[in-house]
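Given below, in the form of structure tokens, are the structures.
What follows is a pair of complexes built around subunit A, which joins subunit B in one and subunit C in the other.
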Partner chain A sequence: MNSQGNKRPWDRQQPGKSPSLSGYRVALAGNPNTGKSTLFNALTGMRQHTGNWPGKTVLHAEGRYLHNGETYTVIDLPGTYSLFSNSADEEVARDHIVFDQPDVTVVVLDATALERNLNLALQVLEMSDHVVLCVNLMDEAKRKGIQINSGKLSDKLGVPVIKTAAREGEGLEELKQVIARMAQGKITTRPYRLRYDEKLETKIAELEPEVRRVFGNRLPSRWIALRLLDGDAGLAKALRNRLGKEEVDQSGTTDGSPYPVEA
Partner chain B sequence: MGQPMDPLIQSKRNHLDSLIARSRQLGDASARDDIVARVYQTTRSICEDVVHYQDKERLFRTEKLDRVLTSPIWGYPIMLAMLGVIFWLTIAGANAPSEMLAQLFGWLEGYLTLTFQALHAPDWLHGLLVLGLYRGISWVVSVMLPPMAIFFPIFGLLENFGYLPRVAFNMDRLFKGSGGHGKQSLTMAMGFGCNAAAILSTRIIESPRERMLAILTNNFVPCNGRWPTLILLSSLFMAAGIADGMQTFVTAAVVMGMVLFGIVVTLTVSWGLSKTALRGVPTHYTLELPPYRKPKFWNTILRATLDKSLYVLKRAVIVAAPAGVITWILANTPAGDVSALEQVVAFLDPFARALGLDGFILMAFILGLPANEIVLPILLMGYLSTGAMTEVEDMAALKQIFLDHGWTWLTALNMMLFSLLHYPCGTTLINIYKETKSPKWTFLSFAIPTGIAIGVTFIVTQTVRALGLL
Partner chain C sequence: MHTEIPLSEAAVGQSVRITRLDLTGTMRRRLLDLGFVPGAEVYVLQKSPLGDPVAFRVSHTTIALRKEESSRIFGEVKGGNKL
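Moving on to the complex of A and B:
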């Protein structure tokens, strides 16, 4: 149990790679093996190692692309089945979405296993308003005779849904456009938020204002309340760490970008 | 944390602490059940509405193939056969291009030497640049490039096809038996490419104990820096005296034997550690078997060749160049009656002999700490610098260099074993330290393999000598 005391030595791997002041940050989240790295490569023109096995991307990789004169920095998060912080890579992904708050979080879904993949999507929708769902591997789904009604899915979940086949380059342009519009605040979302049973909801209602008292509106208070009620010790620790740093970083400004990626 | 705290932060921190304490009171185990149940109900009902299947039969093709590839009876034989075929293809295919490259470099060397003569360059410069550096690098390129250019693309195709998780599935029982984690075999598969990268890939293992096992044993999988050594030595020495048609086959079998031996050592060390320093029971985990996907053939081959092979080669040449210069300078700096190099070699020699190696080989391994790719080049440069000026002509000439220095099949076997088992390269050690943040475990990840490498080569050598096999 000797590696226990050093939970996340890697989540700030790249000092000096602070985001450009202009430019938007886009995070790719998703289950393992949904083609995130392929999508990442297709967007950025980079050559992250891709392979057909889950758990291949453990570091988060960063790359850039230009779209209509704007720079977009893409972060390829490790593939995870959930964000309940069971493992190091889930914590990396969770912390990035909640604390670093990318301008857009793209949840990459495997079209051939949509039901399982939506588990993660629902969790991300509780954490952020700026979410695009990318139903990838459409080529494979077509071959297997699976049809997906993306319009309906978008209606139900309250965020844009784009179908892609990243390996073939299909749907990428549309995805980039939606990312751009969302990053520029031109898309209003109403992300689907799960309702729990009465008992749990009462508890959430009690805790949520307290969360807001500490963190203001900068962090997703309902989600934090829920995670704490679920006894998420890793998150409690991350929040504590966050608090000290945040006040120092912030130096009086409450709006703008309160959660810059740390150098 | 030790600094005086801003009162505002302090008050927020108190708030947060009481908030967390309150959440602990309120929360109970039923929360998780409710959350998970709600998530699953919702996704199910959404999908009922959104997803439409034309033909459910078509969904199960992957399962049919998996029934064979991961079957308790056929799983292992198929795995071994695939491994064997990959090695065979690599070795059979690499022979001719290696010869051709060697001839090309030999031909070029003639012109280089002529140029040096035409410029009236001093002898030492010609010695340093052409006889030391150029020849060393020529050998590396001719020996390393062809096998890598074959092995990595094939491996990449299998990877993109989706076979690796099946390997993990098959090996699961073995790892569980040794107290390790089933995903350890995935990190081992990464190790075939590069151990330093594989150390990072151990993050897919949740349990710190099992992750540490995977880190400590990853080195027993030969990385791309060591493949060429294994392939070259087994083809030069292990298959000698065997009928022509069978040579490739024997070479492949020896290399495969090395890999299997590495796996046996991995399992044994994992087992030993989980009974002692890293005691515990394996945790449960989910392993997804992704659908088989037809790899993008040319894309995979191009990527594997460009990214992997050239990367490794670049690293070998860049690190080998300064090492070659150091070797040459050592060989040409007098220290007493002999050169500094010979002093060092003579110092290492007695110990190395006990392991069935020689002082040069041990020195190459020591100087090769930064990268395994350079062990062979340094060794060659060491040998070349002491007068055995073998021109780069063909593989027979290469073998002659070794024979001139008293090599036998036992030397080759021991060098292969030492290469397979010894300490990880510098980059890997740095990554291990970064990941574990523990000097103790970093040291152990150096000491355990080294101890095993010394022990195994010693036992092999002494046994062979005692039995009079040589």
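Moving on to the complex of A and C:
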């Protein structure tokens, strides 16, 4: 049962799955208390429990919605401040974004605490090209006199930025439209990637081709190189497990991008 | 004037600008993620009845730390309310 040569790299992760049959997959990432679960419920019409205690979000809560005849499966990832620290929650969220590669990853941000929230956003931007930033809790921000220039934010970060107040249902239609266009490959992004100091960049440049040789373009090679340089043992283990499970595509280097960008 | 003190020695009501973290590995990473980064301003909110942990306000969020960690985060007291 070898893979067929003309299969696109992302197909092998979801055998037998194509967007038109089972819809697109949308992951919600975000810090705790950004209204992520409220947004999830608002999008899917579900009544998943929302409440304020750590670890509330069960791993991989899933829901669906229809938009212009297409089905979107929404995965509510656990709320985390980061995707580095190797708590179970962070690992679940990280693995989903990097390995399962949803068609769109929406990072939900608290409009009243952008500085804190952008930490996670920058991390996700390093992991994926298909990212939408959703600045939520705009109702609260307005009450506090906080204004968000989403156009400027979008320019700087290279991905769409949508303002929402999920509790009031504000901005949801716009969010769904942007998600749809991105899932269908109609939005080209240029996610902001941090440039590190020269020493680190040199090492990344050395390691990245190696990563690509092993994993092809299926996984975000720069991000993996960075994590390995950081001594992320948890990720190294996850990668090793993956290598064990799947047949390594030795010709991977000539494959296209893992992200189905429209030609 | 610019004396460095561990966060654990700041008094309630004081603000401290973080200069460095004497921590490594996962705990360092975690604290950085929570906003305890060099340059960040930390306000000491309140101490628990037994004095540990202590609640700090950093980047619009309240976070409680035990002495174990807060004694290894260093900064300068702001506002000149220091003798």
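We take it that the second predicted complex is superposed on the first by the 219 of 263 C-alpha atoms of A that agree within 3 Å, B and C clash if a C-alpha of one lies under 4 Å from a C-alpha of the other, contacts with A are read in each partner's own complex, and residues count from 1 in each chain.
Keep in mind that, in the parts below, a residue touches a chain if its C-beta (ideal position, glycine included) is under 8 Å from a C-beta of that chain, and two chains touch if they have at least 3 such contacts.
Small disclaimer: the values here were computed from a predicted structure and weren't measured.
Student: Would you sort A:193 into first (subunit B), second (subunit C), both or neither based on which partner it touches?
Tutor: neither
Student: Per the contact definition in the header, classify A:81: touching subunit B only (first), subunit C only (second), both, or neither.
Tutor: The answer is both, since A:81 touches subunit B and subunit C.
Student: Quick one: is A:243 in contact with subunit B, with subunit C, with both, or with neither? Answer first, second, both or neither.
Tutor: Only subunit B; A:243 stays clear of subunit C.
Student: Would you check which partner chain A:222 touches, where first means subunit B only, second means subunit C only, and both and neither mean what they say?
Tutor: In the superposition, A:222 touches no partner, neither subunit B nor subunit C.
Student: Can A:153 be said to touch subunit B (first), subunit C (second), both, or neither?
Tutor: It touches subunit B, and subunit C stays clear.
Student: With both complexes overlaid on chain A, does A:64 touch subunit B (first), subunit C (second), both or neither?
Tutor: neither
Student: Could you look at A:115 and tell me whether it touches subunit B, subunit C, both or neither (first, second, both, neither)?
Tutor: After superposing on A, A:115 lies in contact with both subunit B and subunit C.
Student: Per the contact definition in the header, classify A:207: touching subunit B only (first), subunit C only (second), both, or neither.
Tutor: So A:207 only meets subunit B here.
Student: Please name the chain, subunit B or subunit C, that touches the greater number of residues in subunit A.
Tutor: B
Student: Taking the stated contact definition, name every residue in subunit A that is touched by subunit B in one complex and by subunit C in the other, in rising order.
Tutor: 81, 86, 112, 115-116, 119
Student: Please name which positions on subunit A make contact with subunit C in the complex.
Tutor: By the definition above, subunit A touches subunit C via 81-82, 84-86, 112-113, 115-116, 119.
Student: Could you pull out which subunit C residues touch subunit A in their complex?
Tutor: 26, 29-30, 33-35, 59-61
Student: What residues of subunit A sit close enough to touch subunit B in their complex?
Tutor: Within the complex, subunit A contacts subunit B at residues 1-6, 9-10, 32-33, 47, 49-56, 58-59, 78, 81, 86-89, 112, 114-116, 118-119, 122-123, 140, 143-150, 152-153, 156-157, 167, 192, 194-197, 199-200, 203, 206-207, 210-211, 213-214, 225-226, 228-231, 236, 239-240, 243-244, 247.
Student: Within their complex, state which residues of subunit B touch subunit A.
Tutor: Of all residues in subunit B, those touching subunit A are 1, 5-6, 8-9, 12-13, 15-17, 19-20, 22-24, 26-27, 30-32, 34-35, 38-40, 42-44, 46-47, 49-55, 58-59, 156, 159-162, 164-165, 168, 183, 186, 200-201, 203-206, 208-209, 211-212, 286-288, 290-293, 295-296, 303, 307, 434-438, 440-441.
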